[in-house]
Each structure stands twice: as C-alpha cells, then as structure tokens.
Amino acid sequence: MTVGLEHFLVVGALLFCLGLAVALSKRNAIGVLMGIELMLNAVNLTLLSFSRFQDTPHKVAGQTFVVFVITVAAAEAAVALALAVSVYRNRQTVDVDQLNLLKS
Amino acid sequence: MNALKSEPFVLNIGPQHPSTHGVFRVKVTVDGERIIDAEMVMGYLHRSMEKLAEERTYTQNIPFTDRTDYLSSMSNNLGYCLAVEKLATIEVPDRGSAIRVIMAEFQRIASHCMAAGAFTNDTGAWQTPVMWAFREREKILDLFEMTCGARLTCNYMRIGGVAFDLPKEFEPHARKLVDTLPGFVDELEGLMSENEIFLARTRGVAVVPHELAANASLAGPMLRGSGIAWDIRKADPYCGYEKYDFDIPIGYQGDSFDRFIVRLEEMRQSVKIIKQALDGLPSGPHSTQVPLALRPPKGEAYARVEGPRGELGYYLVSDEGPSPYRFHIRPPSFINLSVLKQMTVGHSVADAIVALGSVDIVVGEIDR
Amino acid sequence: MPTRWWTGQEMAEAAERLVPGSVAKSTDAACYLHVEKMLEAMEALRVDPETDFLHLTNTCGVDFWDHFEVVYHVQSFDKNQFGTLKVECWERDDAVLPSVTGVWYGAWMQECETYDLFGIKFEGHPNLHRILLWEGFPGWPLRKDFLSMPGGLQPGLNEFAGTARRDAPPVVVVE
Amino acid sequence: MSLLMLITDNWYDIRDLGNVSHEILYQLDRVLPYSLVYIIAALMGFVASFLIFVLPSQLFVGVLGERKIIGRMQSRYGPNRVGKFGLLQPIADAIKLIQKEALTPKAADKAVMYIAPIVFVAPAVLLFAVVPFGGHSVFADIPVSIVYFIAISGLPVLAAFIGGWSHANKYSLFGSMRIVAMTISYEVPLVLSLLSVVLITGTMRLGGHDGIDGIVQWQRDYHIWLIFLQPLAFLIYFFCVSAELNRTPTDIAEAESEIVAGYLTEYSGMKWGLFYGMDIGYALAAAAFASTVFLGGWSMFGLDRWIPSWLIIIAKTHLFYFIFIWTRGTLPRLRIDQLMTFAWKFLLPLSLANLLVIATEKVIWNKATDGNFDNFWVYIFAAVNILLSVAAVFIWARLLGYRPEATPKRPRLVNTASGYVPIPAPSREVR
Amino acid sequence: MLHLATEAAAHPTVSEGVLWAILAAPFVGWALIVLYVRKLPLVAGWLAAAAVGVACVLSYVVLFNVIAKGGIAVHTHEWFRAGDLVVNFGVRIDGLTAVMLCVVTSVAFLVQVYSNGYMKGDPGIGRYFAHMCLFTTSMIGLVLADNLFMIFIFWELVGLCSYLLIGFWFHKPSAAAAAKKAFIVTRIGDLGLLAALLLIYTRNDGNFDVSAIQAWALNSGTPGYLVTLFALGIFAGAVGKSAQFPLQVWLPDAMEGPTPVSALIHAATMVAAGVYLMARFFPVLEASPDARHVVAWIGAATALIGATIALVQTDFKRVMAYSTVSQLGLMMLGLGALGYVAAIFHLLTHAFFKSLLFLSSGNVNHATNTFDMRLMGGLRKQMPITLVTCVIGSLSLAGVVPLAGFWSKDEILLDAWRDNRGLWVVASLVSAMTAFYMFRAIFLVFFGEYKGGQPVDHHDEDSHFHGDPAHPHEAPLVMWLPLVILAVPAIGAGIFALNHGFRNLIVDALPLEIADQIKSESSFKWGVAIASSAFAAGGILLAWAIYYKQWFSSRSIRMGFAPLTNLFENKWFFDRLYEDFFVKLVLQRGWNRLLELNDKYVVDGVVNGSARVASMASDRLRFIQSGQIQGYGLGIAAGVVAVVIAVYAANPL
Amino acid sequence: MHGAGPNLAFWVLAALTLVSAGGVMVSRNLLHAVLFLIVSFLGVAGFFILLSAPFLGMAQIIIYVGAIAVLVLFAILLTPRAGRDNGETRWAAPGVLLSIALMAVLLFVITDTKWTTAKDAPEITAADLGQALLSTWVLPFEIASVLLTAALIGSIMLVRSPEEEAEDALQ
C-alpha cells in the first residue's frame, strides 16, 4: 500500500487531537503548553504534506509557512514559559485550576 | 547564572569531595551559583595530640609533631625542639642549626610544591601542574630519605640538635637539586602565572584585605599575600637566620593569585638560603647531649618558626615533670581558615574551591 | 633587629597606663588582666601606637586544677614586639570569660577550640560551638580531671557518640 | 609502478572506499529487491564508518592516546601494563566497567536514569553519517549536512540534562544546569561561525566531489583551506565546540574539583562508560567536522590523488583531536560566569562581525568577478581576513578590559619584616 | 494634465551623498555615543555637538544650492518589495526641505552646545546626548523623506525620542507620567496618520511618493471626500504632534524633560513637524476646503486656549510651553487660511525665538534652581546677557516692529484677514495676549526684588544643582553663547519678508499651479500691520502697568475675572476632562456605572423582578467567565466541531 | 511515495510520533511527559524529511528539541515547589471527549474529500526557501523577526526577579 496524502493528513489530525486533549486536560501550565506545541507540530505536518502532494504554482509557500509557524512557536514557548516562571514566583504554583484571578 | 535564581539550598563540599585536601567539610548555602553562607565543619581527623602529649616525655613528643602537618614535618619538629630548648635553655651547636635551616627550607619548598600544585588543580588544571610539582618534591623527599630514612614523617630533629649528621652524598645531591630548582619554579610560573585563564580564575577572587588579614591572626603566605611584610625568619630570627640574605615576597591586594605567587617566590628565596647554608656549613658536632628524661624547670615558653603555612608556634608549660604540663600548637592552617567565610560569601561555588585551595590547608594540622 | 619580647611587667605597665586598674598581677612571663576590664585593656593595647598589638598570635587555655588560665600571645608588626596576656578563671563548673572576637577577629576559631577542649564559655562569641569534637561529646578532654568522669569512665569506650546524652551537664568536678 | 596501475577508479581502488561499496551494491542490486539493498546500503555505511574510523579512533586515540599523551605531558608514562605499550588498556577498561556494579540511588528516577546514556550515545553515532571520507564515500550525502550536524549535536545536551536531573543529587543538578546554560550560549556563536562558512561557499553540503557542490569540493576548487580564509570562524568554532563538548578549559559541567563529576556523579559501571566513551565520540565527530569544514576534509592540495582520502581525513581528525588533548593537559578551567561572558560578550560580537565581513566580501567578489569566481580574490580575502581577525580579537579584547601589562605577575620583595607595605601609586587596576 | 515642479528644467544640483550625509552624521554620532563613549560625558557631549554641527554645515550647503538653482530634486531607491507593495527609500530636496533642514540643524546644534553646560554633572548625560542625536536624525529624516511611508517611520521615531527625552529623569514619577502621557496622546493622532497612509495605499496604488500624493489630490478625477479624509487623517497626526486642540494637553507636561529638550523638541522642531507635514501636503489642503476650514478653526481654538492659559501660569517654563501651543495654533490657522508661506515663515522665526526663550529659562533655572516665577525677580543685575536675549526673544514673539516675529505674525494675520474675519479677530486677540504674558514673565523674573529661588534639597539625589540659589549668577559661556547666536535670527529673520526670495524659495516646493497662484499674492498690508502692532504694544503696556509699575494689583484683576482665571488656571479643564471622564469614567467605570445607573433609576423603580433576572443571568455568565483558559479552549474547540458538522450537514459533498 | 523504504519509514514514524504523543497525555510525571514530547518532535522531524523537506526537518530538531524542549525542562526546574505533577484538571473528561469528536470529524473530512495529488515531489532546496523568504514573503519574515525580538525582550522582563529590577533601577 502506497502512502499518500491522506495518510499524512490522518497522522496530522491524530497528533492535533492528542495535542488538544493534552492542552485541555492537563493541570500544570507547562503541560498545557506542551499540548499546544503538539498541536502546532501537527499543523506543520499538515502544511508540509499539502506542500509536498498538492499541485500548486507556489511550491515554496507551504514550507515558508512552516518556517513562520516554527518561529512563532519558539516565541510563544519563550513567553509562555517566562509567564509560567513569573507566575510561579508570585504564587508558588503553576496549576491552572488555581490561576483564576479573573474569577471574581 | 542570574537567570537561574532559585531557592537557596545547601551544598556540602566535603568531607568526601575531591577538592577538600582531606576530610574536611564546608557547608555552603548557595543561591543559584552564588554562595550566601559558608560554614566549616572539621574534626574528622582529630587525634587529641595535645592531650596525648601530656602523658609522654619531651623527646617522645617529637613524632607527634610530624603527624600534625604531615607535609612539613621538619618545620614542626624544629618548632617543637626550639620551644623545648627555650624552656630548658639548651644551646644548639652551629652545625646543628645550619642543618636545621637546610632541612626546614627544603621542607618549605616541598610543601609549597604541594600547595601550588594542589591549588592549580583546584582551579581545574587537570593534574599537570600537580605532577610537575610532585616531580621536584620527590627529589627533596629523596634527600630526606637519604638523611634520616623517612620521606614524609621524618622525626629528624632532636632537642639540642638533629638526630644524625648529614651523610656524605647529601651535599652533592643537594647542590645539584638547588641548581635546578629555580628553573623549575620558572617553569611552573610559565605554566600558570602566564596563563590568562588561571589569572581570570584567581585574580580578585577570595580577597583578604590587609586589615582583615592582621585582625584575623592570619600568618604566612596568607598574610604576605595581603601585602603585610611579616616573616618570623626576618622578624625574630632563630637558628641563625640572621646570617642569611633573603627577601620577603609580598602580594598586592591579597587575592588568591597573590598568595600563589608569594609561594612561588618563597621557593626561590628558600633556594637562596639553602645555597648560603650549604656554602657556610660549619664543622663540629651536630647535636648537644640532652638527658633522655628531660625535666625542664618550672615555667612556660612560646617558640615559633616560620612554617610553610605561616607562623608555627609551640606553647609549652612545664611543672618540672618529665612530660609537658600543657602542650599547645599554634596551627597556622587552622587559624588561616577563619576567614574562609569572608573569602567565599558572594562568590560562586567554583571560587569557593579556589579560595579553599589558596589557603593551603593540611587537615592533619587543623584537627591535630 | 629581632623581636622585642616584652616581660609581664612591661606589659602590665603599658596596660596600666592605658586602662588604669586593669592589671591583676604580673609575672616575668605574663601580665594578668582583670576579667572585667580585659576587653577594654586589650582594645587599648591594640590601638595604642606605642603598643600596637594588632595581631593576636595565639590563644589557648591551661588548666591548673583549681583555675583556668587563658593565654593571649599578641604581637605588633610595625614595632616588632611580642607580649603575653593572661586571664584567670576560677569557676570550674561554669567557666565563663568574655570573648575577644570583637577585638581580634582571629580569636574566632581558637576560642571555639578552647571551648571545645576546656569547656570555657566565651560570652559574646558569634558562634561558639564544638569545633573539633562532635556536639554532645561528654566532657572537656583537655581538663586535667577529664578521666574522672561520672562513673569513673573514660569517655568513648563503652558509651559512644550516638548514645551520648546531648544535654547532659558537661562536667562534674571530683576533687 | 604496478601500484600506480591500481589508480583506476575501479572497485579495487582504495583511494575511495565509495568505489568498493558502490560495486558491492551494484552487484547486490541485480539479485535482491531494491528496498533490501537500500537497507543493506545503510547498514554497510554505518558499519564501515564505525569499524574503520569511529571505534579504533575512540579506543586508541580517545582512550589510550589521550591518557598516554597527557601522561607524557605530566612527566609520567601513562598506561603501559596491559599488552605491549598498554595497547590493550581500553579493552581492559571496558571489561572493568562492564563488571562494575551499576549503582542506582534510591531517590533516582530509574527509567530516566537508564534512558539517558542511550540517548547520549545515539546522536554520537548518527553524527558520523554525514562526514565525508572521500569523494563518494559518504554514508548519508544529504544537501543540508551542516544543519544536520548542528541539529544532531544539540541532542546529547538533553541526555546530559535528564541524566543529571534523574538521580536527585545536588552536584548532578548543578552539572545539568551548567551544561544546558552553557550549551545554549555557545550554540549561538557556533552557528554564526558556520553560517559564514556557508555564506562564502554557497552550499550546505559537507562533501561534494567533481560536479557536486560541497564545502570540501569548494576548498579543492580554490586550492585553499577555509581555516586560512576564515581564521576567526575557525577559532570561534573551536572555542564553542570545546565548550559544548565539555572539554577543558570549559568542562564546568563535570568540573571534578568543584561539583565532583557534575551530571555523572551517580553514574557508575557501563552507564558511566557509555557517557565517557561517547564524550570521546563527540570530540572525534567535532574534530572530523572541523577537519572537513576548515582543514580541507579529505583533500590535500592534490595529494589526495595518491593517498587514500579516508587516511587523510583520519589523520586530520586525529591531529585536531590532539589539540583537545593538549588543552586538556595544560589549561585550568574557567568559571561559569566567565564562560557566559566570553560567549555573549566576546564570541558573539566577533562572530557577527565576521559574518558581516564575509558577507561584504561575498558581495565584492560577486561584483568584481561578475559571477566567474577566481582564485585571486580568495587569496586577497584570506590575507585580509587573517589581518582583520587578529586585529578584531585584539581590539575587542582590549575594549573588554584585557590589560596584560597592567597585571604584575611577580610579588614585591622587601628585606625587612615591617608590617603592611602600601601599594605604590598609581594603584593597579583590580579586575 | 498636471505639471509637477520636478518636470521643470531647474532643480537643485546638490549631490545625493550630501543629503544622506546630513541624515547620517547625527546617526553616526548616536551610534558612537551609545556604543563607546556613553560613560564619558565630555566626549559624548562634544561628539554630539560635532555630529549635529556637520549636519548643520551641510544643510546650509544644501540651502544655498537650492537658492541658487531652485526647483525640486528627488533621489529615490527601492527599499523593499513585498508582494505588490513597493516601498521606496529616498530623499527629496526642495525649498521647504532646505529651510526646514537649516532650522532643525541650526537649533539642534546650538542646543547641543548649550546642553554641554546645562547637563553637566547629570549621571545619564551619555544617554541624553545619544537620545538627542537620535532625535535629530529622525527629525532630519522626517524632513528629507520623499514618501509618506518614510515620513511615517521617522514620525514615529521622533515620537519615540520625545518619549525617551521627556522621561529622561524617569525615576521622577512626574517625568515618567509626562512621558507616557505624551506618547499615548500623540499616538492617538498617529492613528489618523496611519489611516491616511492606508488610504493612500489602497487608493493610490500603493504609491507613497509625496509628488504622487500631491498629484493625486490635485487630480480632478479623485473623489473629493477621499481627499478630505486624507487631509483630515494627516491633520490628525499633526494635531497629535503639534499639540493642537484637543490633544494639546501633553505639551505642557512635557516640560518635565530637561530644558534643552524642551527648547529643541517642544519648541523648535518636533512640534513643528506637524506644521511641516501639513505644509508638505498643502496641495491636499488646497484641494479640500472642508478640511482647510477644520484646520483653520482648530488652529484658532488652540491658539486661543494656549494664550489664555499662559496668561495665568506662574511657572516660567510653562508660560513658554503654553505660548508654544498658542503659536502652533497660529501656524495651523495660517495654513488653514491658505497662508502657506506665512505659516512656514512663522515656523522659522518661531523656532529661533522660542528656543532662545526656552534656553533663557534654562539659564534662569540654572541660577535659581526653580522655574517658579514667584520665587524669582530682580535677576537683571546678575544675569544681564540672559535678560537682553530674553527681552529680544519676547519682543520678537510679541511682534514688535522691526523684529522677526512681527513680520511672520503679520503675514499670518494678513492671510486670516483675507480668508475670514473671525479668524483674524481670534489671531489678533492672541497676539495681544502673547505680548502681555511674555512681558508679565519678563517683569516677574528680571525686575523687582529677588525672592531667593528654591533652596537646594541636599537629600534629593536627583538634584544636581551646583550653585547657590541665594546668590544667582550668570550662566557659563557655553550656555549664554548659544543665546546670543540665536538672538541674531530672532532679530533679523524678518529680512526675508522684505523681498520675494524666501517666498519664492519655499513656494517652489509646490506644484506649479498653486505655486503661481501664491506667488502672485501680496504679503504686506499697512492696515493689518498697524493693527497688530497696536495690539502688541497694548499688551506690553498692560503688562508694564500691572507688573512693573503695579498701578493695578494683579491680585485684584485676578479676583475681578474670577471665573475666567479659574478656567485658565485649570487649563480649561482639559486634563480633568481626560482624566476623569475618558480614563476613569468611560474606560474604567463607565460600563459598570452605566449599568448601575440604569439599575437604580430605570429598572429599580419599575420592576423589581427584572433585577433578579439580571442577577441570575450574571450568575450564569460568571460560570462561563471562569477565568480558566481550558474552559474557553473547550468552548472554542466545541464551536469548531459544531461549525464543521453544521457545514457538512448543510452541504454534503 | 514509492518503494518499501519510505513506506516503512512512514509507518515507523507514525507509530513513534503518535505513541509518544499519547505518552505525553498519559504520563503523570511532567519530566517523562517532556521526554515523550521530545520523541514526538523527533518523529515529526522525520516526517519532514520524508516529505522532502530535509532543511525543515533539521530546523525542527534544532528549534523544537534543542531549544523549546530545553526551555520546558528549564521551566520545570525553575518551578520546583509546583511539583512535577502532570495530572488532569476537572475539564479532562469533556476535553478528551471533545478531542475524540474533533478527531472523528477530521477523519471524516479527510477520507471524504477527493484530494488531487501531484505524483512528483517538488524539488525545493534551502536556497529556494531562502529566496522565497527574502522576496515574496519578506514582510511576514520581518514581522516574524520583530515578533521574536519582542518575545525575547518580553520574556527577559517577565522573569526578572525583584532584586534584579531593583539593581536595574539603581543604574
């Protein structure tokens, strides 16, 4: 059986949903962040699959997008982790259940 | 490592740590990599020598002094013998004094070899300087073996002189060694003092200002590294040191590097003294006859010599008995340690190791 | 020029000049200070340009059965002179002396050692603890009566460190 | 003369091992299905590079040679008991390590502690995949070899980190934090220095041969080694890579005089042995990489026509490795804040400046030769770059406060014991 | 078919390199200071002065070239191209640019020299000079730019530098607050500029070139509302930067910065940038009468508000600040009244005499450690040079006959007279008030008894006042020499009005049609001139009578006009309005407050039950607003699933 | 995608990636979760190489494994008292259910759509990518770099400790 676009898309979808599940269910803020990273990876995978298999004039576009996503992910991780650390400094916890200052 | 600022936690340096030169422990509290508190814990090697010495005769006590500072047994013997001689007013023949000077200076070179080597090892130079230093130290220990049969714990000095006269082959060997030693010091200097990394690691690290050095009773290279020109050999000559021409090396600001170069320079000066002593070695008896069961008159005496680590003092109180009523050693490395906290707090862990190495401790002497 | 070793009388003269009434007695070997005035006299001896004893060379205790003497060997770099000060302590059960760490920082570890081996407490010491022996070691080994411990035992033989009572009274003198 | 007859580019031509493997695969392809040959090719390349290069070098240069050479530097013999000249010492070591009990602390995270050595070893093996041993004998000739190398060499840090973290020891934790902080800092100038190489050569492939662009091929084409063209990049690469490899003077992560053995404190037996062995493996890989990028790889100014190219690169690698041994034998260790300062304040600006200069030169070259690159400009650039590098290093060091003349190296001498001797004005600068 | 001036045969021949060098010189100065000499105050200061000095000399080279050759020259290069967006990077040189360059660099140079004296001993002096250099760079860039995009970039840079310099003593809470205020308030205006930029991007094929925009505005094919929108957009930017009503509130607070900063930025250059921008796009204004009227009347309002507040200020520097606001309003008024030449001319003269006045106030502060006029007086003996220069500046500002200010203000009044008599009335009133408050300040500061200044607070670590305020003294050479130099143009710049050289020079920067039309107008009218002189003289006399002779007690006058003075002293309640209404009320409490009011007066009395419904609803809402991201994430994901399913259900493939 | 090699690689990588992503989900120890995450990243990098984007694969390893994973590890170390617990919150059950629902929807969409695919992989080198980034996509590229700078500065400001802030204020 030859592997085609659908296979990659399925892997991407599964990875995305796993990431979503992690992001939605974990209590530790860093765990949530890991879920988000997984989702971003899944998106990258999907983008690249389309870029590889779809017949478009802009062949480089898919890879370019992946570059941007990786960049943004790096920035996001840096800021998110800095946030986690500074939240920890103030409240001695990174448990998202307890981080609900917005709640009156 | 400011980014890693976290809760302070306690780190044990020792008693089983490669850099404590024996069983000795520093409990440091660190914040990230920065030390905020340091506490010394010692006594793992305590043998209660001062108590034991009260039960033995004056001559029997000489081997104990070997075992306090085992890296400079000759100097310890000398200090103790001087104290007893002072207590009992015993004259030492000239040849005996000259031999004592030669041995003490050789012992100083050997000890400083060890100190410099171990210190460079603490800065992370991977064994090479130690090995180089040991090479020369071995030759000096060969001379000791030739003279008294032992290499480390010599037990060579006696009350009233030295145990044996020098063997015939001693002088040619010693002269040969004395000729090569300055070159060796230059070599070590070229390897370490000219090394930018070594400078960066030791400059400005563990600074002891001269006010603190004087107030904290420091002695030896620690004191001289802080810029205080003080050497018992010059200030209060014993064994005829006033006859020899030599200089006191002193440092600039009292950092680790200053102490290191002071030690190197002292090796050169010791070579100079040994040369003069060998040239002017008088003939005659090497020792005064002293009764084995010596009973000094009632009284007390404090005699001191400039040991490799600093002022090495012996305080004896006699009650006319065959053994000392009170036998107290002024251990230089023990007292030099008292500024360890001031030297390390605020620096990083790596600097604490350098600071500890620059004090040049011998745990046998600290714990006695 | 070799060191000038001061006799006890010279020392006493200087101390008396600086702090009148501080000297208890003087011998050839040493000058004995009153406990109450010892810190004042020592500080004066340290800062006075004539005496200039800014280096506390050595400190130790001596047990004379009925009293303790604490010996302070002091010296001056600039004047190249050396002197001996002594303080007597007649209380064996509760031997207390003021700490000289405020005058000479170098007494820090030596006083700890003296405390450890003689049981002389130094008041005002920043961190007086047993430095060579472990906390809870029974008795003070350098006292002359060390062997006559409670029960006449030599400590450490059949009752070792771990089981030693931590807050037992340190010593009972049997005279 | 009969030897010269062998130089025919046929399978028995040992100048390039690729000829042999190519022949074997060609023959296999006739009888076996393609995918099987694919896998066999991969295995063959792996086994060959491992057997010919990695393992012998590791054992006899990394373990034995290092100990012998350092022994000689320290005026002692080094291992000389097992076998002739101690040649069997590495094997004895290995046997000892395997026999030793591998202790696991009670509080340790056991799974992680077991995984860490494996994670540490795997990338070391992978690194050799892209090192070219000859025009055709590259195990994996991928077009982005340099990036591959950078990516893979970032992995062992993780292993060291989790290894140090796993056994709940403060010294190990210190080592882990230090290694990660240091590696992150030194990765930046490292990549920048390699970027300048990529910039001037215009390719990210390490090897290359006649007709295929590659860094080695570029050096052959222009008859110059990149170390002459970019001395600064080479220096920066050397510093950074020795920091990443934990070699003296930057071995702060396992600084034995400070934090006992850093992240290796609780490892023993073969788990420690894997770390130890693969440290050497990484050093060899870095040396091979440096030889490839900066020292002309398997080329030797035409001599590679006569000498087997794999011998050339092995010789260069070992020569480079000798520098590692040498520094280890002679230099003290730096402190972590000094290392960080060095990376961020010294190497980073210099590598950026270097990149700028190289970019300018590339533009000049493009304009001046109108696309037809020639040697003349390369030699001009080499001369200019060497001068500029020396000047830049010197000037930047002075700017950062390097004043060797202001630091006395001998103590003062006085003849009388007279108390404190003040420092004569002008007071010296305290750094 | 439109004829652009660029197509004319004559154009400046100055080489492009010179123009870039003008831009680069202060920039290099900035880089050097930041990188190397930040810690060396003396080197940094004179390096900055030298860098700006180079730019200044080159600017005069450019000016003379433009005078000789006339016309417009544009040197442009493609900067980057992203998709179909092409952004150029270039310089445009014409009469307007040349004049602005000379003004900016001359004042900047003198201020830099002055700063070397004024800032001596400040710990952050390296930072100060670096910021000043960067500011000069961005201002020069703004002037030289040949397209709106570049103008926007440098515009923002100017704003940034202003922020940094106002907040130079950032450890003072007031300075930090003032910097923030200036930044935020000008940002509001910049939104308008950004909107104009986007308008041009969409409506003019992304061509940002100044000439192209002018042509676009003058093109009869362009819809009028677009031109008006564009004009209002850039005017919004100018309102922010030039502190026009209703965004004038930041400028007086900006006086928290060091005095030379106020002199350079908030008197001579940055605030003039708004006027410059409007002048740059004068054809657009010309093409849109609606926008023009808005500009004129807002300018008039600003002028009036500024002048009235200045009447009652007790802080010497704030008098200057409000005077600046008022004069900027006058310039805008002039532009709105189609007085292109007049506005630029007034900008030129105003730059000189206002920076002169600010620097004088700096000198006074240097001697007395305060800006409070109630603590001064009688300084004429101790500070003669400052007195003379300050009086010259004030006379010029008040518009007394032979001095520069008279000529420029007179032209504005003339244009206002021609355009709308209402505008003329306001402008005349303002000029009378100007004369009054300036001489009030002069008499309070330099005449009468000395009242001791502000004692030095030695515990205040920020204070680095050196002298003794009880015995004031003249400032050192570096500080009074720039004043003397600035006094020369403050006296003599009016000479440009005597023939048509200046007028032709800057009018040449416009497209030909408008240029010809403006050139034909006369620039002097005896009646208006006499009237304005009379107003000025009246103001001065009144001040003399009240504050020097004290024929009337100022206190009684104050009492007599109590409501007005109250209004003026509280700055027309603008700050209160913004603070209390916009910030606190609308933004912070508005919505809740509204609900509460609603609850109290509407709902409560009518149906109690509906209140309960509301509270229950809010309980439900609170459950949703739990503050937990994961809850929100869940919602989002559920929404996505629902949408996808819905889409598929609606149109199955 | 022809031949057994790539096919085999796909299945191995898919198993590796998904199993370790599942590991992130189920592991209770946060450190273990990070290790699983790293393996998952490596698997994705392998996918990239398989999809003829070796440069991106390498970039993925450098950035995700070399930087982001290390950052996460650092963050875990810096929050010691928060525990290493990677347990679930009360949203866990609905979250997982919803994920499954989304998965079902996505799988349905993927299988339901007729994808037009090109047979040949486009030949894209790193040079092409760089060319595209600096010509067509230059504006996003610049914005991304500005974003990175902002993130850098922001993170530094965020994690500064109060003492450091006090030190900065003194200067």
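Read from first to last, the chains carry the letters A, B, C, D, E and F; within each, the first residue is number 1.
In the analysis below, a contact is a pair of C-beta atoms (placed from the backbone, for glycine too) under 8 Å apart; a residue touches a chain by one contact, two chains touch by 3 or more.
Please read all numbers here as calculations on a predicted model, not as lab measurements.
Student: With subunit F gone and every other chain left where it is, what groups do the chains form?
Tutor: A, E | B, C, D
Student: Could you tell me which chains are in contact with subunit E and with subunit F alike?
Tutor: A
Student: If each hop has to land on a touching chain, what is the smallest number of hops from subunit A to subunit D?
Tutor: 2
Student: Quick check for the class: compute each chain's Cα centroid; which one is farthest from the centroid of subunit A?
Tutor: Farthest from subunit A by mean C-alpha position: C.
Student: I need the chain pair with the most C-beta contacts, please.
Tutor: Counting C-beta pairs in contact per chain pair, the top pair is A-F.
Student: Return the distance between the CA-based centres of subunit C and subunit F, expressed in whole Å.
Tutor: The mean C-alpha positions of subunit C and subunit F differ by 69 Å.
Student: Need the CA-centroid distance for the pair subunit C / subunit E, whole Å please.
Tutor: About 79 Å, centre to centre.
Student: Just give me the whole-number Å value for how far the CA centre of subunit C lies from that of subunit D.
Tutor: 61
Student: Measuring centre to centre with CA averages, how many angstrom lie between subunit A and subunit C?
Tutor: The separation of the two C-alpha centroids amounts to 71 Å.
Student: Could you list the positions in subunit B whose residues touch two or more of the other chains?
Tutor: 3-4, 214, 228-230, 235, in rising order.
Student: For subunit E, which residues are shared contacts with two or more other chains?
Tutor: 628, 630, 633-634, 637
Student: Which subunit F residues sit where two or more other chains touch them?
Tutor: 59, 67, 74, 77-78, 81, 89, 91, 94-95, 98-99, 102, 136-137, 159, 161 - these are the residues of subunit F that touch more than one other chain.
Student: Give the list of subunit A residues in touch with subunit E in this complex.
Tutor: On the subunit A side, the touching residues are 20, 23-25, 32, 96-97, 99-104.
Student: Within the complex, which stretch of subunit E touches subunit A?
Tutor: Interface residues on subunit E, with respect to subunit A: 622, 625-630, 633-634, 637.
Student: Mind pulling up the subunit D residues that touch subunit F in the complex?
Tutor: For this pair, the touching residues of subunit D are 33-35, 38-39, 109, 111-112, 115, 142-144, 147-148, 150-152, 154-155, 157-158, 161-162, 165, 173, 177, 180, 184, 187, 204.
Student: Where on subunit F is subunit E touching in the complex?
Tutor: These residues of subunit F touch subunit E: 89, 91, 94-95, 98-99, 101-102, 105, 108-109, 112-113, 135-139, 169.
Student: Please name which positions on subunit C make contact with subunit B in the complex.
Tutor: 2-3, 29-30, 54-58, 60, 62-63, 71, 73, 77, 80, 82, 84, 104-110, 113, 117, 130-134, 141-142, 146
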